[in-house]
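Single-structure report; data block below.
For clarity, chains are labelled A, B, C, D, E and F in written order, and residue numbers in each chain start from 1.
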Amino acid sequence: MVESIRQTASRISQLKIQGARNVAITAIEALVKLSELTKSKNKKEFLEDLCRGQKILFSSRETEPLMRNAIKWIISEIEKTDEEKVKVLSKIVTASANEFLKNLEDSKTKIAKIGSKRIKNNSVVLTHCHSSTVTKLLATANREGKKFEVFCTETRPLFQGRITAKKLIKEGIKTTLIVDSAVRSIIKEIDLVIVGSDAITSEGNVINKIGTSTIALIAREARKPFYVVSELLKFDPDTICGDYEKIEERDPSEIWKDGPKNLLFRNPAFDITRRDFVHGVICEEGIIPPHSIFEVVSRKYKWIFQ
Amino acid sequence: MVESIRQTASRISQLKIQGARNVAITAIEALVKLSELTKSKNKKEFLEDLCRGQKILFSSRETEPLMRNAIKWIISEIEKTDEEKVKVLSKIVTASANEFLKNLEDSKTKIAKIGSKRIKNNSVVLTHCHSSTVTKLLATANREGKKFEVFCTETRPLFQGRITAKKLIKEGIKTTLIVDSAVRSIIKEIDLVIVGSDAITSEGNVINKIGTSTIALIAREARKPFYVVSELLKFDPDTICGDYEKIEERDPSEIWKDGPKNLLFRNPAFDITRRDFVHGVICEEGIIPPHSIFEVVSRKYKWIFQ
Amino acid sequence: MVESIRQTASRISQLKIQGARNVAITAIEALVKLSELTKSKNKKEFLEDLCRGQKILFSSRETEPLMRNAIKWIISEIEKTDEEKVKVLSKIVTASANEFLKNLEDSKTKIAKIGSKRIKNNSVVLTHCHSSTVTKLLATANREGKKFEVFCTETRPLFQGRITAKKLIKEGIKTTLIVDSAVRSIIKEIDLVIVGSDAITSEGNVINKIGTSTIALIAREARKPFYVVSELLKFDPDTICGDYEKIEERDPSEIWKDGPKNLLFRNPAFDITRRDFVHGVICEEGIIPPHSIFEVVSRKYKWIFQ
Amino acid sequence: MVESIRQTASRISQLKIQGARNVAITAIEALVKLSELTKSKNKKEFLEDLCRGQKILFSSRETEPLMRNAIKWIISEIEKTDEEKVKVLSKIVTASANEFLKNLEDSKTKIAKIGSKRIKNNSVVLTHCHSSTVTKLLATANREGKKFEVFCTETRPLFQGRITAKKLIKEGIKTTLIVDSAVRSIIKEIDLVIVGSDAITSEGNVINKIGTSTIALIAREARKPFYVVSELLKFDPDTICGDYEKIEERDPSEIWKDGPKNLLFRNPAFDITRRDFVHGVICEEGIIPPHSIFEVVSRKYKWIFQ
Amino acid sequence: MVESIRQTASRISQLKIQGARNVAITAIEALVKLSELTKSKNKKEFLEDLCRGQKILFSSRETEPLMRNAIKWIISEIEKTDEEKVKVLSKIVTASANEFLKNLEDSKTKIAKIGSKRIKNNSVVLTHCHSSTVTKLLATANREGKKFEVFCTETRPLFQGRITAKKLIKEGIKTTLIVDSAVRSIIKEIDLVIVGSDAITSEGNVINKIGTSTIALIAREARKPFYVVSELLKFDPDTICGDYEKIEERDPSEIWKDGPKNLLFRNPAFDITRRDFVHGVICEEGIIPPHSIFEVVSRKYKWIFQ
Amino acid sequence: MVESIRQTASRISQLKIQGARNVAITAIEALVKLSELTKSKNKKEFLEDLCRGQKILFSSRETEPLMRNAIKWIISEIEKTDEEKVKVLSKIVTASANEFLKNLEDSKTKIAKIGSKRIKNNSVVLTHCHSSTVTKLLATANREGKKFEVFCTETRPLFQGRITAKKLIKEGIKTTLIVDSAVRSIIKEIDLVIVGSDAITSEGNVINKIGTSTIALIAREARKPFYVVSELLKFDPDTICGDYEKIEERDPSEIWKDGPKNLLFRNPAFDITRRDFVHGVICEEGIIPPHSIFEVVSRKYKWIFQ
């Protein structure tokens, strides 16, 4: 029973599942399965099993606040209930999981709708890497009949910008691809930068794909608005307690498959964009300054800090 | 006779010859050959032939100040002389060409020696793209027994950073490769940035490989010294007359060989780093502020403005 | 009945009524009148009438958050009540309207009192355009016996700075008038900048008379405190949902009455001062960073988001 | 009875007691003693006595928000109770005082624990002046086995940096002392700046020992994180109402004991670091942006604004 | 004889003649006339007369480097000559005056030609106040067939921007007029700022119409190129010796003809734009950084420092 | 004979002689003495002796460009002459030495006169450490009848600011002393910063007493002019060849005489102020941008580069 959760954790840690959202969904499914297979006989044992599962899932990757918040919330729902029957508890897990996933989907739709209002007619948007929420936001604006075009960076080393480019072309949006280094050369043609987010800290800083903070710096120098699209549940509650957001270091072969032997590599997957570079975080609550994100999360998702 | 120079020009314009220095050398050789083959009978005809050659070479690529200055100088040597015999004139061309090339080589050695003094023991240097002068500078410092390490960007789209990395490893210098987007993440470990240059304008701005100006911006934000290595003859005298330095736009296939049909590309080869980002230009005259480069060139190479 | 509200709306849209506060008061009065004349027979019909009135008033001018919030609040008071009798409902409208107006007046007094503490003896204050709250704040400080002087910009194109200057002279405050372009020349003599506000967005940005953001930029460059005086109800709840604050474009004749035929004009009435330029918003809750204004409004005026 | 509180106030105003924390503790003790000696016969008289004591203590020094908040809280506890017996009320004062002091101590421990997570292995920390909370934070990190070193400024005119240096050496932490003017020269070796705080304003600004804001400026220029360690109760509720934080001017003899007669001196004890320079305030609630401190205090310590 | 020069000086000081260029031309003419009417009998007396004239002209307005440099140059030509006959000396004055004026006109044409190269097709230029050289530059670009448009500020208090607008319309250039305060709102549509100059200091700073330095600040914030058009002879040699460039304070009635009695005014005619805001000075030598202007003038016009 | 020069060198290296100017004077005197005592028999031997003396003096302290330039100049005068008699050569040395010292004194007077023009009536000047040229400049302004006051930093660790304060009081100038850390608190009252210089580099950077660059940073933040007073001969010609200006590290006891054993110290004597912080260098040539100092020195003191 725990075995299955261990397999999921292992697939996550081996990067077979990628993207904050996909990792969260997979972990939730594993927890639901665990709750169905558990042999516990009462709430106490049931909870112990869940917590064991939680521990395994949490150790699968260093920084995945969305996944952690999801698991935490489901378990908090069990803790709250007076129910003792394991069957019922299991159903509560399933229901909570579904509710969480539905809310996540609703947030995405809401964010896309809110954010699409920022796209003006005849404007030029720049984005970096691939974020399904950003893509949805742009598609929403396009379907509303707005005329605009998009610049994508290719996003080395894994070229996720090509995925974004393909999806935007499919939507019929005029799209231009550039190398990451060319952003400062084309920034004066840009009206608006929109990027996704992997995690947000209590200081209001944004962790996202390597290169994001450089684009933020360039945007600020040229006085261009820089927006981050993020579900509030990407807030990392550990940062409030002083923990640093860990920055994953990936395999050198992503950069150069058959590079010379003595050559060293540094391959950080993410970087940190400080709050002062971010005009607004577009979240399910609306568009807010990153400085107040801790307060907004405190108000809306109190359980996150338990 | 002019045919041969046309072939050279064509090879230059098709990018079969690359790098400011190589283009200059090739063009000089073509001019020497022209002076040997010319059927002119006096200085006047001889000069007309040279000028025809010059015109063809100049039109081969938009921005190559070093090549242009080289050709201009050789022709100015002929203009100055009272000699009328074509044979002798041809020898003057060859001698001038050799002198120019020797000076160019001497400048490189001098720059490497001056610049190597900026490398302190136990320091970390960042460079971008591939510049043979920067590589020579680093090799010089290494041979002098200094201990230091180097970070290279891979330099998309053509990965010239890999060439730099290979050469530095060969010299036994500890070298780390990163993607272009990772510069801001590692800048706090860097003590000094050194890059090459393709052209310098009368305002003191530096034209160099795409991505250079972003690194300059990041270096300034983190209060790290940013040096440009350049022979003074990369100064573009046309810029004093108001001409913009042209920025070559290269083929999209450099970015994505088999990208989707409807996808647009922008692929500028160079960008402009404004003088305020440059701590010093390391040239054959020493280390100078870019603000006074027009004055230094005026003092040392008056003929450049004729 | 609806006719009368249409007349009011028309007067507002023709700029016969000006200033956020005056527009709000006029709209409130129109709504009260509507509630007295309505022929509705129950709460449902009564509300429908009010909403029709609201729609007309809202369409009278693009951006008037104070007016919109006022109307919204009065209607929310009706929605909350269990009362069904139209007569009583009408009285609730009147009472709510009066309460709103009283609170608005109280806020102004409170802001003037709080803000006047920022005026130190022997200091020099700069203000822009005309804001009755800023004038009241300065008058309050003057009546408390503080010695200080004020610089006013003339505020092109409509010279509202002259109104401010006249009122301050009447109060016996030493006042100097300058052209808008002279702010940067006199900023080093200034200790404090205080301006009013037309609207505040969810990002914490301030919409105010054209020229305000330039003064903010100049103040920041010279490290001078820049305060914005604003009732919290100038917060625009639509901005939280992604809407841009619209910037009204006024008639060219304001700039040049009999200018040449082919000459084009641009005459934006307002500009946007980003939160990072604002030391504090002086509101009825005290002096707060603009970054947290969305949270303060959420805490104090929840109904605004309904 | 009031005499004893007057003596305490006098010792505070003569600077015989120093440090926000020590002043608060002494004032609390004086209030407890007053509550024990009072001859009042009922709650009303008891409260009047307390308020007299409060008035005397408040006038002892201009800016001591921690002391003021402590006294205010104890009195608010009496106001809340329905108890009328003076004996019991006195016990409530003692109990409240103890609770306050315990909370203060707990906050310190919590802050040290949270903040110590920001100290990475092999990092270099800079601090200014002497703050017992910062020292505790560093000691905590050291005891957890982290390897790091600390730079202290000497902190003229009273050399409090020497106290910090001595305490850190005692803890076995590698420590280097520099003159205040040398910060900009060594900043590139620093990974993190941590300082204490005397008061925090509603705008999110930090009042701390003279020199703090200069270090903040230098840290920002060099892109180094700057953290402020502070209990939330150092928030000054008067600032929300427009009051300026007063900056104490101390005796010239602190600067030069036997300076020439005609020489003037300026000796401000504190300076103001604006919120934009502060990465985070490390408080008992976690690490937060200074921009939201008013909201956090509003949420956690509502009584502070009464 | 001296009378006639006094009349000219008086017309200059009463602002009946305006613009650096017109003042210079008028003063030159007066000096020529003086040299024709002089009753001096030898070079010594002739020079004394000229110097008397110079003194009167110099005292007519505080800051007019172009006029001062013109007079100085003519006199230096007399000093250099060995001629003693007054008749001939007078002819030398006339010849020198004509040469100076011709050079001035040539410089203008050269500047217009050089500067016009900075205007790209489909670009948008912003200018401030009225400068005949800027207008000529724009007209030159227009006649060369370039498509571009221009934004003019109205330039309070004297509305010189309207003159510019009229002239540009006459040339068939698409022109838009804005109030001075609207520059920051439209700056993102601007590609290039070009303004004139009244004087340049040894530090490389530019004195020009009030409002210029604000536009420079806005341009820098938005990363837009800012060019100054100036003949090198607007360099003020007194500034090298420490003199400040004086800023003329004009009559209040320019701002408000019938303003209230007690109202004070400040009406500086010019402001100072520091060299760091200026991308390049477009002068007869080409486009140069303002930092090296003292060196360029030293090289080209040595007599200016005598 | 060489012995005497060794003694001088030893006194210099033991810091018994301090200040760029005093070190230069002492070294010149030692060279003169050497030239008088030399037993050389011809120019060749005489020069060899001088060069031996030069070598010893140069090794006495790392960075003393003024001393080095002085010695270099005297020797270059010998090299130039055709004279062979040792007696005469010795006299040339003495004459050159006197000429150098006279020029140095003249430069100081000229600088004081030029710089004093920057002091406006009723202005407030800030200075740091002790520079005899700055003191002379202020005294000159005072004797010209200008009313102004001066703020001095105490300048830890050696309190040289107290020397400045004493001298200014003696001159009858209103003077206020502050701790180094208080500069940012009083900067808004300052109109002008003037400091001395120990050396200037080819990049235009200024080496001066520790703390100078922090004041420059604070001045720039507050938009206050920052001037450096320096003879051109403080230019260090080695820096043009890439050498770093060495920063002397002094004895810890200067900071804390009897500090604890395990405490480490860092005591750099100087810091580097980058050219971008300096409004102008006030030198004997006038007030110039630091960016062009290499060019000005090249023009005026060519021999410095030999």
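Please note the rule applied: a contact is a pair of C-beta atoms (placed from the backbone, for glycine too) under 8 Å apart; a residue touches a chain by one contact, two chains touch by 3 or more.
Keep in mind that what you see is a predicted model, and the values were worked out from it rather than measured.
Enquirer: Just to be sure I understand the contacts, which chains border both subunit D and subunit C?
Expert: Common neighbours, subunit C/subunit D: A, F.
Enquirer: Matching over half of the contact pairs by residue number, can you pick out the copy of the C-D interface from A-D, B-D or A-E?
Expert: A-D
Enquirer: Suppose you list every residue number at the subunit D-subunit F interface; are over half of them used by both chains (same) or under half (different)?
Expert: Same residues, largely: of all residue numbers at this interface, over half are found in both copies.
Enquirer: Which whole number of Å gives the spacing of the CA centres of subunit B and subunit E?
Expert: 38
Enquirer: Between subunit B and subunit C, what is the gap in Å from one C-alpha centre to the other?
Expert: From the centre of subunit B to the centre of subunit C is 58 Å.
Enquirer: Report, in whole Å, the distance between the mean C-alpha point of subunit C and the mean C-alpha point of subunit F.
Expert: Chain centroid spacing, subunit C to subunit F, equals 58 Å.
Enquirer: Which subunit E residues sit where two or more other chains touch them?
Expert: Residues 221, 276, 289, 291-292, 295 of subunit E each touch two or more of the other chains.
Enquirer: Can you name every chain pair that touches?
Expert: Chain pairs that touch: A-B, A-C, A-D, A-E, B-D, B-E, B-F, C-D, C-E, C-F, D-F, E-F.
Enquirer: Where on subunit D does subunit A make contact in their complex?
Expert: 113-118, 120, 276, 279-280, 282, 285-289, 291-292, 295-296, 299
Enquirer: Hey, which residues of subunit E end up touching subunit F in the complex?
Expert: 202-204, 239-244, 274-276, 289, 291-292, 294-295, 298
Enquirer: So in the complex, the part of subunit D that touches subunit B is made up of which residues?
Expert: 188, 221-223
Enquirer: List the residues on subunit A that touch subunit B in their complex, please.
Expert: 151, 154-157, 162, 165-166, 169, 174-186, 210-211, 213-214, 217-218, 221, 247, 255-256, 259-260, 262-268, 271
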